[in-house]
Amino acid sequence: MKKRFSSHLVGCPYYVWAAIFIVVPVLMVLYYSLTDANGAFTLDNLKNLVGFSDTLVLSIWLGAIATVICLIISYPMAYILSRSGANTQRTLLLLVMLPMWINLLLRTYSWMTILEDTGLINTLLGKLGIGPIHMINTSGAVVLGMVYNFMPYMIMPLYSIMTKIDKTTIEAAQDLGASGLQVLGKVIFPLSVPGIASGITMVFVPSVSTFYISQKLGGTGYTLIGDVIDNQFTNNARNMGATLSLVLMVLILLCMAVMNQFTAEDDEGAILV
Amino acid sequence: MKAASKLYVFLIMLFLYLPILVLIVFSFNASNSTSVFTGFSLQWYRELFQDKETLQTLYNTLLVAVLSAVIATVLGTAAALGIVRLSKWGQKLVMNVTNLPLMNPDIVTGVSMMLLFVFIMTLFGGSDVLGFWTILIAHITFNLPYVILSVMPKLKQMDPHLVEAAQDLGCPQSKAFFKVILPSIMPGIITGFIMAFTLSIDDFVISYFVSGPSFQTLPLRIYSMTKRRVEPSINALSTLIFVAVLVLLIIINLRQSAPHKPKKGATR
Amino acid sequence: MKRLLCILLCAGLLAMLPMTAAADGAEATPYESNYTKEFEGTTLNVYNWGEYIDESIFEDFEDLTGIRVNYSTYETNESMYTKLVAGGASYDIIIPSDYMVARLINEDRLEKLDWSRIPNKQFTDPTLDTTTYDPTNEYSIPFTWGFVGVVYNSKYVTDPVTGFADLWNGNYAGKILTMNNSRDVFAIALSRLGMDYNTEDPAHWQAALDLLRQQKPLLQGYVTDEIYNKMESGEAWIAPCYVGDYLAMVENNPDLRFVYPAEGSNTFIDAVCIPKSSKNKAAAEVFINFLCEPEIALRNINEIWYFTPNTVTAEMEDYFLTCEVADESLLQLLEDKTPQTKGQIFHALSPATQKNLEELWLTLKRSSVGWYVYAVLGGALVLALLLSVIRRIKKKKAEALYESDYGRSA
C-alpha cells in the first residue's frame, strides 16, 4: 500500500552522496595513514604513533576533566530549568543557547583577553592593589575554555530528559516519604542517566578534538591532539596527520559505543535500576 | 524559583555572558586595547564597514549557508522519505553511515574530506580543487544528518492511514504528497533547515581544511584576524553578529510562543 | 558601474587615462601610465606572510589593470610550502624567504620570470646578493630584506640583554615568546651553540633540539604575528623578532628595545615568485612589476617596516629609515653593515636534513604528561568497565526476576 506512494528511489541521491562524501573520505583517511608521501604502503605511521601517546593522553585527560566539570555545573542548571515556569523556561533556554551562536573563535579569543596577565581581570585586580594572578597558559585555562564553549551541549540533553520525567513519579516518591535528597538520588538521577550519557559524549568529543582553544589559552605546554593534527597538515606530514585523525576517530567511536550502551539500556527499562 | 536557584542561574549566566559582554564593551573602546577602556568611540565599526575583505567573506558565508541548507534540506527530506521505506537492516546501515559525521570530531571530518578532494584532484591532474565547491559540498555533507534526523521522527509519527485515506478518495500520488505528507512533516523540515543554516554559518574547523584562497568564509577570516595584530574591529563584528542573532531568536521565539503550543522538541 | 566605465574607456576613450592619472599624480611621469587593462577581469591569488603588505595597493592595482587580487596569508614558509605542494590550491604570487625560494627552484616548482614584463627590475639594488638562493636570477625578485634580533620590554627586563642567551633566562619564565617555524627556532639554538645554520650533521640538530627543550618550559608560546599584541601590551617581555616587526611595534610601545644578538643572527631576503601552478603568469608579472614601482614599494615598506631592495624607494624622503626611525642603535647597525657581514644566511637543506628537521620540530612542539595522568585515566577506565559489568549483571538478575514472576502467565 505504502510502497505505491513513495518508492525507495527518493532516497537514492542521498545514498550516493553519503557513499561518496561520508564513506569514501573515511577510507581516504585509512589509505593515507597506511601510505607514505609517495603513495607506497608503509606501517611507519602507525609505529610513529608511540611518540604521540602523551599528546593523546593529555587530550583525553583535559577533555575528561572538562566533561566532568561541565556535568557538575550543568546538572543543577538543567534541573532548575526543567522545574521553572513555561515562560521562564523558554527565556532561560534561549539565554543558554544564545552564546553558541557567537563563533567559538571569538568567544575563546575573548577569554584570552580576560585571562591574560595584562588582561581584564588582572587589570582590575591591579587597581585594587592585588598582584597579578597568572591564569593564561595553564591547564586550568584550557579546561575553562572547553567548559565554557561546550557547556550548552551538556545542559540541553540534561534539560530535555528532565522535562520528560513524569511529575507523578516524583510525587509518588514524596508521598512514600522520600526526602528531597532521596528523590534526587533515587528517582531523578537514575531517570536522567540517558541525558547524562549523551551530554557526556556531546561535550567530550569536541573537547578532545579541539585545536583552537588550546592554542589560544594553553601556550606551549598544552598542545592537544587537534593541534598536532593541524601541525602535521601545515608541516608537510599529511600521512601522519591522517593516521592521527584515524586514531582520534577510533577513540571517539569507542567512547560513543560505550555511552550508547548506557542510553540504549535505559531506554528500555530505566525503572529497573 | 527559590533564591538559591536564582543565584545559581545568575552565576551561570554571568559565566556564559562575561566574554560576550567584554567583546561588546571593548568594541566601543577608543583605543585598541582589549583590557583598558579609554573612552567611547565608534571607530571600530567605521573600520569594519570599510573592510571590503570582511564584508566579502560575510557575503560568502551567507551564500554557502543558504545554498547548503536548501540543498541539504531537499536531499535530506527525500532521504528520510526513502529511509523509512527501507528494510530494518537497510535502515540500520544507512542510519549508521548518516550518524558518522555527527559523531566524528569536526577535525576528522574536515581532514577526511580534504584528503578526498585532493586525491580526486591528483587523479585528474588538476591544481586547485579547494574553493567554493569543496566548501559547499562539505557543508551540505555535515548538514544532511541534522536534516534527516529532524525529519525522520515526524515521518514516523505520521498516521499512515492519512495517506491511504487520501488515495482512497482518489487523490493522485503527487497531490497526496504535497497535500498530506509534506504539511505533516513540515515542522521537521523547518527545524532541519534552520539547524543546517546556523551550523553552516558557524562552522570553522571543517571549512578550515577544505578551503582555498579563492573562497574564504567569515569564521576563516576571523581565524586569520586573531592570528594577526588584533584590532577591536573584530569585537565590533561580533557585537553586530550577537545583536542580529538576538533579534532573530526573539522573533522566532515570539512567533513560536504565540499561536502554537509551547513545547518544541528540537531546539538544538 | 565601474565595469561600464572600463568598457567605455577601452572603446576609444583610452586617451583620457593618462590625462586623469596625470591630474592627481606628481609632475614626473606617473607610474600609472605603465599599466593597461590587458588582463582585465582576471583574478590573481596572492599568498603572502601576514602583516606583510599594504593591502590598499590591491585596490589601486585593480583600478589600473582591472585585475582582481585574492589575498590570503600564511604564517610560515613551511605552511606556505605545504599548501603550495599539496593543498589543492593554486597561487599566482608567493613571497617566500631565500632558502624556501631555493628549495622551490630545486624542486622545479617556480616559473621563470619574463623580465620584459617587469621593467622595474632596474630599480632592484644590485649589491643585494641573491645568488645564494637564485643563482641565475631567473625565478625571483627581492621584496624586502631584514634580519633577526631580540626584542624586549625595558620596563620589565632590566638586566642587560646581549642576545639569544637571554631567551633562556628563568627570571622571565612565562614571559618569553619564540617564533613558530622550524628554521628560525633552530637557528636561534644553533647560534647559541656556535654551529652553522645549514649544517648537515644530525648531531648538531639534535644538540639544538636538546637546548630548545630546556627552553620550552620557560616559553609563553610559539607565535608569528601574535607577537605584536603580546609584546606591545606587555603580556610577553622578551622574544626573538624580525627587525621590521620590532620597528612596527616600537611605534605603539616605546618601552621596547632591540638587540642584535652577540651570537650572530640570520639575515634574510624575501622574494616574489610565481609558482608553476599559476594560471595567469603574465598578469602575475604585471603585478610583480607593480610591486616594484618605487611609490608602491614605498607604501608597502612604510606599512611593514622592513628594508627595501628598491634603490629609488630607498632614496625617497618619505622612506621610514630616512625620516622616522628613532632607534639610533639600529641606524648604527646598518651603517656598520653588521647584518650583512655578521649575519648567516639560510640555504636550502638537503632533503634528508629537511625531513629530519621537520620531525625534530614536531617533536619539540609535542606536549608531555606525567605518569600519574596515565595512572588516573587507566584507573577510570577500569572503574568504568567494572561499573558496566555490574550494571549488566544487575539487569540480568532483574530480568530473571521479572520472568519468574510473570513469565508463566505470558
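Which chain is which? They are A, B and C, in the order written, and residues in each are numbered from 1.
Everything below uses one rule, namely that contacts are C-beta pairs under 8 Å (C-beta built on N, C-alpha and C of every residue); 3 or more make two chains touch, one makes a residue touch a chain.
All values reported here derive from a predicted model rather than from experimental measurement.
For chain B, the chain whose average C-alpha position is most distant is C. When the C-beta pairs in contact are tallied for A-B and for A-C, the bigger tally goes to A-B. Averaging C-alpha coordinates per chain places the centre of chain A 34 Å away from that of chain C. Averaging C-alpha coordinates per chain places the centre of chain A 17 Å away from that of chain B. Of all residues in chain C, those touching 2 or more other chains are 86, 233, listed in ascending order. In chain B, the residues that reach two or more other chains under the touch definition are 35, 114, 230. For chain A, residues touching at least two other chains, in rising order: 116, 118-119, 233, 238. On the chain A side of its complex with chain B, the touching residues are 1-15, 17-19, 21-26, 28-29, 31-32, 73, 76-77, 80, 84, 86, 88, 90, 92-107, 109-111, 113-114, 116, 118-120, 122-123, 148, 151, 156, 160, 201, 205-206, 208-209, 211-212, 216, 226, 229-230, 233, 238, 241-242, 245, 248-249, 252-253, 256.
On chain C, the positions that touch chain B within their shared complex are 43, 45, 47, 50-51, 55, 59, 70-73, 75, 86-91, 224-226, 228-229, 233, 277, 279. Contact residues of chain B toward chain C in the complex are 33, 35, 52-53, 114, 117-118, 121, 127-131, 134, 212-214, 216, 224, 227-230. Across the complex, chain B meets chain A through its residues 1, 5, 8-9, 12-13, 15-20, 22-23, 26, 34-36, 75-76, 78-79, 81-83, 85-86, 94, 97-98, 100-101, 103-109, 111-116, 119, 137-138, 140-141, 144, 148, 160, 163-164, 167, 173, 176-177, 181, 198, 202, 204-205, 209, 218-219, 222-223, 226, 230, 234, 238, 241-242, 245-246, 249-250, 253, 257, 262, 265, 267-268.
Per the touch definition, chain A reaches chain C in the complex via residues 51-52, 54-55, 57-58, 60-61, 64, 116-119, 134, 137, 219-224, 228, 231-238, 258, 261, 265, 269, 272-273.
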